[in-house]
Structure formats: structure tokens, C-alpha cells
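Here the chain labels run A, B, C and D in written order, and each chain numbers its own residues starting at 1.
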Amino acid sequence: MEERGMEEQGMEQMAAPKLTRKELEDRLRAEFPEMFHAMSGYLIEDVWYGGGLVRRRYDPTSLRPGGTVSGPTIMALADFTMYVAVLSAIGWVPLAVTTNLTINFLKRPAARDLLAQARLLKLGKRLAVGEVGIRSDGEEDLVAHVTSTYSIPPPVK
Amino acid sequence: MEERGMEEQGMEQMAAPKLTRKELEDRLRAEFPEMFHAMSGYLIEDVWYGGGLVRRRYDPTSLRPGGTVSGPTIMALADFTMYVAVLSAIGWVPLAVTTNLTINFLKRPAARDLLAQARLLKLGKRLAVGEVGIRSDGEEDLVAHVTSTYSIPPPVK
Amino acid sequence: MEERGMEEQGMEQMAAPKLTRKELEDRLRAEFPEMFHAMSGYLIEDVWYGGGLVRRRYDPTSLRPGGTVSGPTIMALADFTMYVAVLSAIGWVPLAVTTNLTINFLKRPAARDLLAQARLLKLGKRLAVGEVGIRSDGEEDLVAHVTSTYSIPPPVK
Amino acid sequence: MEERGMEEQGMEQMAAPKLTRKELEDRLRAEFPEMFHAMSGYLIEDVWYGGGLVRRRYDPTSLRPGGTVSGPTIMALADFTMYVAVLSAIGWVPLAVTTNLTINFLKRPAARDLLAQARLLKLGKRLAVGEVGIRSDGEEDLVAHVTSTYSIPPPVK
């Protein structure tokens, strides 16, 4: 067992995502217009099979005292990035819903963009489990770490 | 909302909160003006020692497809209500920060106000741990259940 | 142990459990003999629809330095008590499995029996979510608080 | 930002651990004799600054029906491996205690040894946060994923 490559294992990362970045953005824009408005700060930077990278633009109105990005802003970003990772692996199933999310806040984020990277740890028929690392743009240390479970609805017949 | 005993155990409930509802609202309004704007949907309904009850007004822009309130809206409400519970027990220490939050989403919320009730399970010198139950107004079943830890900064000397 | 209302809300508590305490013990003894050996310290004290109360006898070999019960002992007790609560509501479905468990350790347990009380927060077709409070026998404060999800296998046809 | 190397960042992995594998084993054996007995199935395979790799020998008595290793066995292994990772970074501070642990069970483990690998995500003065991946020996997929927080006692003066 090779020791320090936890993320190298698991999902087949060479596989193509079920939705390209462009397809995903078009779908989200068309079907979640209210969300998309609230979400105007989000930018899907990359999508691969079982994972995704999302940028959240710096927005002074989400600041907490001391100039940092608020916890709820980080949780929302993590949840959205996990959603992107789930859809990348199962295709457009918009009614996939979060059943569980655990976040550890690790470091006060800087007053700049956040980058969240999600990857699935497991993809079952009924549940997808993944983790998300969130960083301030240009920094190495994690601002927060999330694990989350999505429930996948049964296929429509 | 019938309170149903969640808060009957644990913290000494007869004790007065360190901040009244009015004091808490005034402080939040004065010191977190940006948050307060984002938070205009929140209404602190009750505060007691080690707990609080917060209403989140129904806001169509936070809806998900299918007419339900979004997960991030629920997470933000839970985090804020836990913050109220922590401050009720330690007084105005605005730099108390969330270190960990676990949420289980249990039921699709209705298109109406949400009510979140938090209570501390433990109040230590360095950490406060609590749980939050979130319901749609007028309903009994939980929409979501949260446990969360806040880190309490050392007293300034 | 005074039960203090944790289980007063949520599940229909007047309903009879799907398995009595006696039936549950007999089944566990017959079908999980290895576990039952390891589990000889467990005593199911009560079972109701959607909940249960389990005692873990004090066992010096599970002690940590300082004379307290070890974390893994508490986690195992919480997981077992949640299993009892799930079976009380769905009947004998031994292949129900834990998918997620979050524990907050709140207080150093005393060198005496532990009592764990579980109740379901949600019972769906595929998932059951519950919480467990663990106390040292005769004490009021929680030693630990757990939330946990069980996956319920589809019915055999 | 390079995308798929979540674990490459964070702890300085080139730094020497504060305790070697040998020192750690000697200390555990000397100071936790009861635990060490219960723990005779554990083998510390590697320790580095901020991380560790622990093997849990296959033990038929910890089996669940269907021949898999029990959930509590996996939780105990994860907790111990996280403890190794914490001590690797702060030295011998035996009273460091778990305050929070979240586990996602991902796959039924095989009837063979388990390997757990932990790494710290954050090392603060008061809290250490890490994650642990658990696999069946010789397999690639994760059996379980854990995030956990340890509280570090203040230095004795």
C-alpha cells in the first residue's frame, strides 16, 4: 500500500463526466433560475467524473466581523460543489438531495475568492458520499473540510 | 410552537440568559450590519440561558425546485440559532466561532417560515456543544437536526 | 434513570415496538453469537417504538488512563443502542447497517455503568436517522451525544 | 492551484515525527497496559509528522453476520490511528482526547486485516483536526472515512 496518496484511489478519474461543465451550467441556469440568481457568485471551474472545482467570488456582503467570509457562505459553497460532483457521476438528476453534511472549519478565510474541490468517496445506487476541501484562492491550507452524503432518487420508469 | 421538552434537560434552565433578546438584537444590528442585511429574514423569538428560538421568514428566493427551502438556508439558520444559544450562556463574545457542524436533513421543508430551536449540550471553557432542531412553522416533524461546536476565545486580559 | 422527555417528540410513542425486549434479546443471542459474547456487557433495559435504553456494565478492561471508559466503548454502545431503536420500528431486519455516525464527547465518564438512550428522528423507507444520549448511571449530564443513520435494505420479495 | 492532490498540501510531511514508531509503541505498552491488551490486534506500521498508518489484524470475534468486520471495530481503529497522528505532531501528550468523530461507512469490509491511514488537516494550539481512510488490506476502495477532532490540553507549567 502506497502511503500518502489517499485521493488517488477510489473513483475512476480518467472517465468522462456524465455532464460537461457547459451542459451543467446551462441546466442549472435553465432550471434553477432563483438559485442561479443567488448563486451568481459561483463559477464552475472544472468537472470530471466524480469530482468538481467551484470558485466562489469574493463578496463583501457575506463577510463576518474581522473581514472573513461567513460560515454559511462556506457551507453553501461546499454543498453546491458536492452537488456538481454527484451530477458529474450520475448525470442530470436534479432531485438528488443532501441527507447529511459535516463541516470542520479549520482556518479563518481571507477576504478573497474561495475554491472548493469535491470528490466522491463512494457512489452507490442509493447514496453518494464525498468530501470537499475549501481554500482561499492562492493559499494552500484548508479553510474548511466537508464530508457529505447525497440521496439519489430511484430511476423513473 | 410547542417546545416539547428538548430543552428541559442539560443546562440550568431557570438561569437568566446573559443577554436578553433585545440586547442581542441591538448588538447584532450595531456590530454586524452587513450580516444583518443578509439576515433581515431572521427574528429572534426567544432566548434563555443555554438556548434560543429563531424564526426564518419564508423567502421565495431561497427556494429549490419543488418549492422547498434550500439546504444552505437551513444550515445558515441552524448556525445562527446555535450562535444565539452560545451567547445566551457566555454573554457578548462575538468572536466565538463555529468549529464543527453536522446536519441531517430529515424532511422536505414546506414553503413557509422555519423555526429553529437550539440548546447547549455542554458549556466548557473552550468549547460549547449544542443541538438544533429545525421545523416548518406549525409542523411537528423535524426538517433537519444539527449538532455543532463553537470555540470560545480565551478571555481578554 | 429519569428519561426526561428526549423521546417525547417525533415518533409515535404510543405504538408498540415491532419486537419486544425479550424477542430482541433472543434473536441477537441466536444469530449474533460472536457479537453476543463480545457484547456480554450489554443489557437492553427497555424498548419502545422508535427507541431503546441500553446499559453497558462497567468493565475495568475498557478503561483509559485516569479511570474513564474509553471512547470506542462509548461509540460501540451508541451504535448498538441505535440498532435497537431501528429494529424496534422496522422489526427484525438484521442487515440494517450504519452508514453514518457522528459523536460529540462531552464529559469524562465515571468508572461505572453507562446508559444509552436512542430515539429515531426520522424513519424513511431507505434511511433511519436517530440520536443517542449517553450518561454515566445516576448522572444527569451527557457523557456523549450521537447522531446516526442506518440504511434499511429493500424488503425481500 | 493543482487540482487532484488534496493531501499534498497542509502538514509539512517532510518533518520528522515528534515520536518514532518504536517510542510510541513503548509508551503505549508502558502506560496503557489494559488498552494494550484489548489492542493487541493493532500494529503501528508507520508514523510521520502529522500522520500514521495502523494495521488491525483480522479477528473472527469482531465479525458481524455475513463475515464482515464490525462497525465498532472500525471506529476504534480510526480513533486510535488519529491518536497516533496527533501524537506524531505534538509528542507524548497522552491526555489528548477525542471531542468529535464523524464516520461514513462506505463498503462492507472483507474478512481480512484493515489498514487505517490518518493525517492531520489542522494543528492548532487547542484543537487538532484530521481525517482517516480505512481499507481492507490489499484493496483500493475505502471501507470507511472518518474526520475527527482532538482537544489538546494546555501545557503543564
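Rule of thumb we're sticking to: a contact is a pair of C-beta atoms (placed from the backbone, for glycine too) under 8 Å apart; a residue touches a chain by one contact, two chains touch by 3 or more.
No experiment lies behind these values; they were computed from the predicted model shown.
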item: Labels of chains that are neighbours to subunit A and to subunit D; value: B, C
item: Reference interface A-B: repeating pair among A-D, A-C or C-D with over half of contacts shared; value: C-D
item: Centre-to-centre distance between subunit D and subunit B (centres being mean Cα positions), rounded to whole Å; value: 33
item: Rounded Å distance, subunit B centre to subunit C centre (Cα mean); value: 28
item: Centroid spacing, where centroids are CA-atom means, of subunit C and subunit D in whole angstrom; value: 25
item: Subunit A: positions in contact with at least two other chains; value: 99-100, 102, 104, 149
item: Residues on subunit D engaged by subunit C in the complex (per definition of touch); value: 31-32, 34-35, 37-38, 60-66, 70-72, 75-76, 79-80, 94-95, 97-105, 108
item: Touch list for subunit B against partner subunit D, complex; value: 99-100, 102, 126-127, 149, 151
item: Residue ranges of subunit B touching subunit C (in the complex, touch as defined); value: 4-6, 8-10, 102, 104, 106-107, 121-122, 129, 131, 140-142, 145, 147, 149
